[in-house]
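The next block holds one structure in the form of structure tokens; read it before the comments.
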Amino acid sequence: MIDKRASDPVSALGEVDDGATVMIGGFGEAGSPVELIDALIDQGAGDLTVVSNNAGSGTTGLAALIRAGQVARIVCSFPKSSDSTAFAEMYRAGRIELELVPQGTLAERIRAGGAGIPAFYTPTSAGTDLAAGKEHRRFADRECVLENAICADVALIKAAIADWHGNLLFTKTARNFSPLMAMAARTTVVQVEAIAQPGNLNPEHVVTPGIFVDRVVAIGDRQQLLGSGTHSGGSR
Amino acid sequence: MTRPRVPGLSRREIAERVALDIPDGAYVNLGIGMPEMVAQCIPPDREVMLHTENGLLGMGPPPLEGQGDPDLINAGKRQVTIMPGASFFHQADSFAMIRGGHLDVCVLGAMQVAASGDLANWSTGQPDEVPGVGGAMDLVSGAKTVLVMTSHCTHSGEPKLVAECRYPLTGRAVVSRVYTDLAVIDVGSDGFRIRQLAPGVSLCDVAERTSAPVVDARSDSCTD
Amino acid sequence: MIDKRASDPVSALGEVDDGATVMIGGFGEAGSPVELIDALIDQGAGDLTVVSNNAGSGTTGLAALIRAGQVARIVCSFPKSSDSTAFAEMYRAGRIELELVPQGTLAERIRAGGAGIPAFYTPTSAGTDLAAGKEHRRFADRECVLENAICADVALIKAAIADWHGNLLFTKTARNFSPLMAMAARTTVVQVEAIAQPGNLNPEHVVTPGIFVDRVVAIGDRQQLLGSGTHSGGSR
Amino acid sequence: MTRPRVPGLSRREIAERVALDIPDGAYVNLGIGMPEMVAQCIPPDREVMLHTENGLLGMGPPPLEGQGDPDLINAGKRQVTIMPGASFFHQADSFAMIRGGHLDVCVLGAMQVAASGDLANWSTGQPDEVPGVGGAMDLVSGAKTVLVMTSHCTHSGEPKLVAECRYPLTGRAVVSRVYTDLAVIDVGSDGFRIRQLAPGVSLCDVAERTSAPVVDARSDSCTD
């Protein structure tokens, strides 16, 4: 029996050790797994390395996790935010370490982690400060940089709909990094709006196959299951 | 090298024995040929998701006569069906599952297996042979557990379990366990470790048909 | 105006130079772009390098292209076929060169070509004959092999449905290599069963975005356009 | 360094001039800020597909008041809409489009551009600054043509077109052409090549406000 449903965000999250590497999906607030981050704040694990495109906006989610002092290091492409000072204050106080990675390199390093590719060469950032100290090598007369895969202990992501197996559909640009992070973490936890029975998602439309997912939890009013034959996708 | 045949397990019985070792909820790739038979032998109280590397997770049994779809095939290019919870994806995603360590188990056939876990199953190395490797090298380097299901000896009676593979390797130190008509055998640095014998088969029968040292490793836990 | 429709396979194919590298989609016969290969046979370009998972089955498609003597070299994972002798005869006669590549490495090299990644490391094939002569390197104590991207001049692929922009939907396991090859070729030509107007494919379900596609041609009885609002995917 | 202001193009007029150089059928990424304005200036007889690197091809204009969707945003995190023929995809696919050379044009803002085509647009390099790079380095290394749209000088009158960038680089030798309030300028090994001057602006005006040699490269083809 394959049934990855969890009853609530805390049990979905499970154990997270101090010092763990946690990937957090979302681009800005689109696709941000706020309720799972809340569970991580409650759970209290510290000294975390967070891998995420941004470093929090507003006062909830990743901004709150940073404010709670649980994040020692962040790997991201764009930690600036017009509506949150949480990261900036910690950063300027030297209380959080930043690894700044070009957005496409970040995506590709996470994908590589999930795909068993330990490292790859890319032209992005060659000759810039962000490539300082990295191995350079020319391919077809193009200067490239060696980049290593990123893996995580846990990925926290948000999707639109899951089935019991963890097959996922996303909503519009809320998809962003989540399918990649699902692949790259030892344990992938997903918050969704609704959970369907296996067989109710069209196999052609599944974005993240269940093999990459460990636990799913429905948030909010729609915790009831979608019934048989009611759903084949995000906008049928 | 040919020796008298010993009464061993049928192919179906080997497949049943392999299936016993596949846990509930596992994601599994079954190699082309004999390993495909494992699909029919999964105990009914276990749900196992079958992966086929040409781009499907949740593979079901062959279609009923006349109901096949030429666009729905497995890695052996035979028509299959899908199970609830299935998904389709392209080859890079399919091999991301394999290479990325997401498959729990892969069951492959073998031409030769060495006690070190080296596997040869893709080429005889003959110069006139048309070679073909498919996904075998990806599977052995990526799946969490690589099981081999094979006849203990070749048709002509040559041992397939050897001290060192003579055929070109598929991967080095990749096999965990071998299931043959004669025994269930773990690989190890001290030789092949016999975990279980088929009914009517002796340790001596196995040792005689194996061209590397065998170690008796049977215990209460051997039928795990 | 973005309208990538071509009227027939020959005009869809356009010019192919002698010595070109041609990617051909399909796994066995599932997803094989037979009519486009026929057009390539009629067109007559020779000394081709073909990148495809297999080396032809039956007597049509890639087997016929090989039989016609147009293929000098093939890059594939599994050229054996129970129902075609075209490749085997040419190979044994020394008239066709073979680069045998593990299937997952082939897929990843094509994806890398499309994604601007010149090379990557993979554990697959390390220590085997297929890695002979390739750079080896250890990552986290795992022996890996450096593999180069593969790009092509032309990709010939088959999909289920396209729109005028070249957005593509596929059918079941006929998807296989085609989305990757579409990314990795300078010119990507697609044969489909039907062509829809832009706006009639669900943006969440598109597998290959039109940016990767140059020309689409409908084959057979269904060359008429799908009308407005009639289609959101392979199995709506 | 401050000099009297010269009558130049408005931001809207610069955007219109950039849009003139974007061909029908092009796949285009518009950077955050001033370049976003180009979207509204595409001539009506051209169809251009806009890419936003957070995972959408076929981006449309901002939604009507009250009709926005927080899950449908652009790289600047502003709500947008979709056009017919749009598609959604994840970040690795989005940057495969960029890095793989599939985008015809990308239009970026600049802090500094060198005559060599070097671009600096992501960081001042100040130690107390919170740096953020986003997709800028990927875009400059991947797009077939990188255009820069910028005011010719900073607010305080410092030239942005320089002999060598003082700020940390986004990429080396990546920019093809620069559009400012004063001129359309190609980069080249012999200096900045002035292709077109804004009405009422002289070559001398541009040269005075550029801290590297400028070359008069105006010709009949300069309005291409």
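Letters A, B, C and D name the chains as they come in the text, with residue numbers starting at 1 for each one.
As a convention for this text, a residue touches a chain if its C-beta (ideal position, glycine included) is under 8 Å from a C-beta of that chain, and two chains touch if they have at least 3 such contacts.
Every value quoted in this text rests on a predicted model; they were computed, and no experiment measured them.
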item	value
Steps needed, at minimum, to go from chain B to chain D via contacts	2
Chain pair showing more contacts of the two, C-D and B-C	B-C
Most distant chain from chain A by Cα centroid	B
Separation of chain A from chain B, taking each centre as the mean of its C-alpha atoms, in whole Å	35
Chain centre separation in whole Å, for chain D relative to chain A (CA means)	30
Multi-partner residues of chain A (each touching 2 or more other chains)	108, 111, 115-117, 122-123, 170-172, 203-204
Numbers and ranges of chain B residues touching at least 2 other chains	56, 88-89, 92, 95, 98-99, 141-142
Complete list of chain pairs which touch one another	A-B, A-C, A-D, B-C, C-D
Residues of chain D touching chain A in the complex	52-56, 69-74, 77, 88-92, 94-95, 98-99, 123, 125, 128, 130-138, 141-142, 168-172
Footprint of chain C on chain D - complex, ascending	24-25, 27, 47, 49, 51, 56-58, 82, 84-89, 92-93, 95-103, 141-142
Partner chain D, residues of chain C touching it in the complex	1-2, 111, 113-117, 163-165, 167, 183, 197-199, 201, 203-204, 206, 209-212
Sites on chain A touched by chain C in the complex	108, 112, 115-123, 139-140, 142, 144, 148, 169-172, 202-205, 232-236
Touching residues on chain A, where the partner in the complex is chain D	27-31, 53, 57, 77-80, 87-88, 91-92, 98, 100-108, 110-111, 122-130, 170-180, 207
